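Look at the two complexes coming up: chain A is in both, with chain B in one and chain C in the other.
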Partner chain A sequence: MNDSRYIITGLIVFIVLVTFPFWANAGKAAPAPAPSLDTPAIQQLPEKQCVEATAYMRTDHMKLLDEWRTQVVREGKRIYVASNGKEYEMSLEKTCLECHSSKAQFCDQCHNYLDVQPDCWTCHIEPKENK
Partner chain B sequence: MGMAFSFLIVVALIMVVTLGVGVAGLQYMFGVIIPYAAIAIFLAGMAYRVIKWARAPVPFRIPTTAGQQKSLPWIKASTFDNPSSTAGVIGRMALEVLFFRSLLRNTKMELHQGPRLAYHWEKWLWLGGLLFHWSFLIIFLRHLRFFTEPVPSFVSRLEGIDGFFRFGVQGLYITDIIILVAVTYLFLRRVVIPQVRYISLPADYFPLFLILGIASTGILMRYFFRVDITAVKELTIGLVTFSPRVPEGVGILFYIHLFLVCILGAYFPFSKLVHMGGIFLSPTRNLPNDSRARRHINPWNYPVKVHTYEEYEEEFREKMKMAGLPVEKG
Partner chain C sequence: METSRRNFLKAGGACLLGLTIWPAVKGFAGNSTEYITSSKALTGEKWGLVIDMKKCWPKYQEGCRECFLACQRAHNIPDVTNKEEEIKWIWTEPYENAFPEQEHEYIAASIKGKPFIVLCNHCENPPCVRVCPTKATFKRRDGIVMMDYHRCIGCRYCMAACPYGARSFNFSDPRPFIKEVNPEFPTREKGVVEKCNFCAERIDTGLPPACVEACPAGALVFGDLDDPNSEVRKILASRYTIQRKPELGTHPCIYYLV
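Here is the complex of A and B:
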C-alpha cells in the first residue's frame, strides 16, 4: 500500500535508463562521416571508380577484403578480376591504400563512428599519415 | 493452430514492410514515424501497467515460503528462500531477476512402473531461459553503438568480449548464436512436450517467432547480406537527436529488422513480455515473511460494530434472571 514511492522511483529509473540515447545525445550534432576523396592518387584517376561500385564497397568491403585475404594467403592468387573486367592486384597496401592513402579519412572515420574495431593493422603496416 | 496463426502474423508483418518500403517507398513511415510511435507506446504502456499494478492493494505479506522461516536462534533460517528482512528480500529478488532462481527449482514429475512416483531435476528450461535473456540483454546493450555518438566505452568493451571469435575478418558475436539456439529451444519445447503444447497459446508463439525474426534478420544483415551500416547509423542518430532523416540506399533487410523491433516494443507492455516489469512487483517474491514478527493491520478495515457478551448481559440481566438463566455478575 505504501510502496508507491518505491515503485514510482523504480519506474522513473527504468524510463531514464531506456531513454539513455535520447538524453545522452541531446543537443549534440553527430554528423555522418563524409570521407574526402581528395588524395593525389584519386585526383589523377581518369574515372573515380574503386575496384567495385561505390554502393557495394560501402556495404561489402570487409567481405571483399576477407575474400582477397583467402585468395592471396591460402590460394596464392594475386590477381582480382573486377565485375567490369578490370584486373587489380589483391593487396591492401599496394592497391587499396594507393588511392585511399589516408587511414584517418577512409578507415577511422566510419569505423570510429560505428565503433568497429577491425584487426587489419595487427599484421599490415599502418600507413604513415599524410594530412 | 496458435502456432500457424502466430507464424502467419509474423510473415504478414514482414510482407507489410517489404511492400511498404520496397514497392511503395514509405521509407519515412517505416524509418521514422513507426519507430517514434513504438517508443512512445512502449514507454507509456510500461508506465501504465506498472502504475496500475502499484494501485493494487497488498495489505498482507504473501511471500512464497520455500525454506525455514526465521524462528528460534538455534534453528537455521533460510535467508533467501524465506526472507525475514529487507536485505533478504533484496537478495532474493536479485537472484530471481538475474539468475531465475525459482526456475532452477523446476522439477519434472513422472510415474514409473510399480507404480512409483519420481521427481527429476529439470534444468533445461532454466538454462534456455537464462541464455536467452542474457543474450538479449547483451545484444540490446551492444546496439547502443547505433544510438550514441561517441559510443560509450562500456559498449565497446562489451562488443570486444562478445566478438571474441571471428567470422572471416569480422567479429562473430557469440550472443548471436546463443540467442538463436535458445529461442529455437524455447520454441521446440512448446512443440515437442505434449503438456506444454496443450497450454501454449498464440500469445506464447508470437513473441518467439517475432524474436526469431528479429535475430535472424539482424544476423543476415551483419554477416551475409550487408546493408550500408553508416547510413543506418545516420538514421538512428537522427531519431535520437530528434532531427530525423532517411538516408538513401539502406537495404530492405534493415527496414524489416527495424519494423519487427518496433512491433515487439509496441506489443511489449500489453503482452506476457511485460514480466520484465512484473517480476519486480511480484508480492510472492518481494515481501519479507515477517507476519509473525510484526502485526499487519489491513489499512482499510472499517470499525466493526461489536456487541460483547458483557454488554449483552448488561442489557438483558434482569430478563435472564427472571427466566432463570445463569449470569456472570450478580
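Here is the complex of A and C:
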C-alpha cells in the first residue's frame, strides 16, 4: 500500500474527468419547445383537433405520415378515414400545411430541439409563411 | 384449489369462443382508421393513350405547346436549358427517332422528319421496373408505371433500361429552374430520376391527364385499354395504329395514328 496516494489521486482525477460533461452542464438544459398553435386556419376551426388526437399526433405523427405516403404513392389510396369517421385527403401540402402553415413553429422547433432532420422539404413545398 | 375436468373444459371453451368473436367485436366497436380511394377516382385496368398526330400537326406548326406547358405546370418540371441535363416528361421526337424500325429511304414526305409527341409508354412489361434495385419504380394496379421518389437512390439503371428515353436524371437541384411553382405537387431533388406519371394524382381524383385536357385539337385520347367499349379501344379497332419499338416486347400503352 505504498502507492495509495498516487492511486487515489489518479482515481479522483479520472472520476472528475469522466463525469465532467454531467456536472458542467447541470441545470443548463435547453427549454422544451412550446410551439404556438396560432395560425389563422386553426383559429377558425370549430373544434381544434388534428386528424387524430393531439397526444397521438405528438408521439406518432411520423408513423402516420409514413403510412400516408405508402398508401398514396404505392396504393393510390388518397383518403384517410380518421378514427372519428372524418375523411381527409392524405397530402402534406393540401391537408397538413393547410392548418400548420408555419413550418418554423410546427416542424423546426421540435425537430431542432431533438436534433432530427427529416428531409421532407427538399421535394415537398414549404408553406409560404416561411418565405 | 381443485378444478374438475368438466369445469376446466368449460372455461377453455369460453376462452376459445371469445377469441373467435374478438375481430368482429373490434370491427363493430369502431374507432378504427382506414385508407380509401376517392369515390371520384377514375377506374381502369390498363390506362392507355391514342395520339392522333394528324390532328396535332396544324396546331403544332402554329406554335401550340399546350400539352407540354400543362404538364410542366402540373408537375413542377424544371426548364433546364442544358441539353445534357434536361428533364423531359412529354416532348417531341422526329419520326425517324421515335419509330427507328419503321424508317426507310422512301418514306412519305408527309411524315418524314415530322415531330411526334412522345412520353413514358407505361409499358405492360416495363424494363425499368424490372431493373430498379429499390422498387422505387413500380407498376400500379391500373397499369401506370409510377415512381416513388422517396425510394429512388439515383442509380439510373432505369434510364439504361428504358428503350424510349422517357426518364431524366436531376443532375442538379431542379428548384431554381422551375418557372412557376405549383404548391400542390412536390418538386424533385438533386440525384433522383423522374418521368411521366400519367397524372396518377389527377386520375385518383377523377381527372384525365393534364396533357389530354390541355390539347385544343383533341389529338390525345385517354382511356382504359382493358375496356372494349372505351374510346381508345374503338379507335384501335377501327383504325391502323402503331406503337414505339413493339419488337422489344415491352407492350407500350401509347398508340399513334399516322
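Remarks
Assume the second predicted complex is superposed on the first by the 100 of 131 C-alpha atoms of A that agree within 3 Å, B and C clash if a C-alpha of one lies under 4 Å from a C-alpha of the other, contacts with A are read in each partner's own complex, and residues count from 1 in each chain.
Note that a contact is a pair of C-beta atoms (placed from the backbone, for glycine too) under 8 Å apart; a residue touches a chain by one contact, two chains touch by 3 or more.
Model, not experiment: these values are computed from the prediction.
By the touch criterion defined above, A:K94 reaches chain C but does not reach chain B.
In the superposition on chain A, A:V18 makes contact with chain B only, not with chain C.
In the superposition on chain A, A:H124 makes contact with chain C only, not with chain B. Counted by residues of chain A touched, the larger count belongs to B, out of chain B and chain C. Of the two partner chains placed around the shared chain by superposition, chain C is the only one that A:R78 touches, whereas chain B remains out of contact. Applying the stated contact rule after C-alpha superposition, one finds that A:A32 touches chain B and leaves chain C untouched. On chain A, the surface patch touched by chain B in one complex and by chain C in the other comprises residues 69. Within the complex formed with chain A, the chain B residues making contact are 42-43, 46-47, 50-51, 53-55, 57-59, 144-152, 155-156, 159-160, 168-171, 226-231, 233-234, 237, 240-242, 247, 249, 251, 277, 280-281, 299. Put simply, chain A touches chain C in their complex at residues 52, 67, 69, 71, 73-83, 85, 87, 90-91, 93-94, 122-125, 128. Note for the complex: chain A touches chain B at residues 1, 3-4, 7-8, 10-11, 14-15, 18-22, 24-26, 28-30, 32-33, 55, 58-60, 62-63, 65-66, 69, 110, 112-115, 117-120. Across the complex, chain C meets chain A through its residues 30-38, 41, 138, 140-142, 146, 148-150, 181, 183-189, 200, 204-205.
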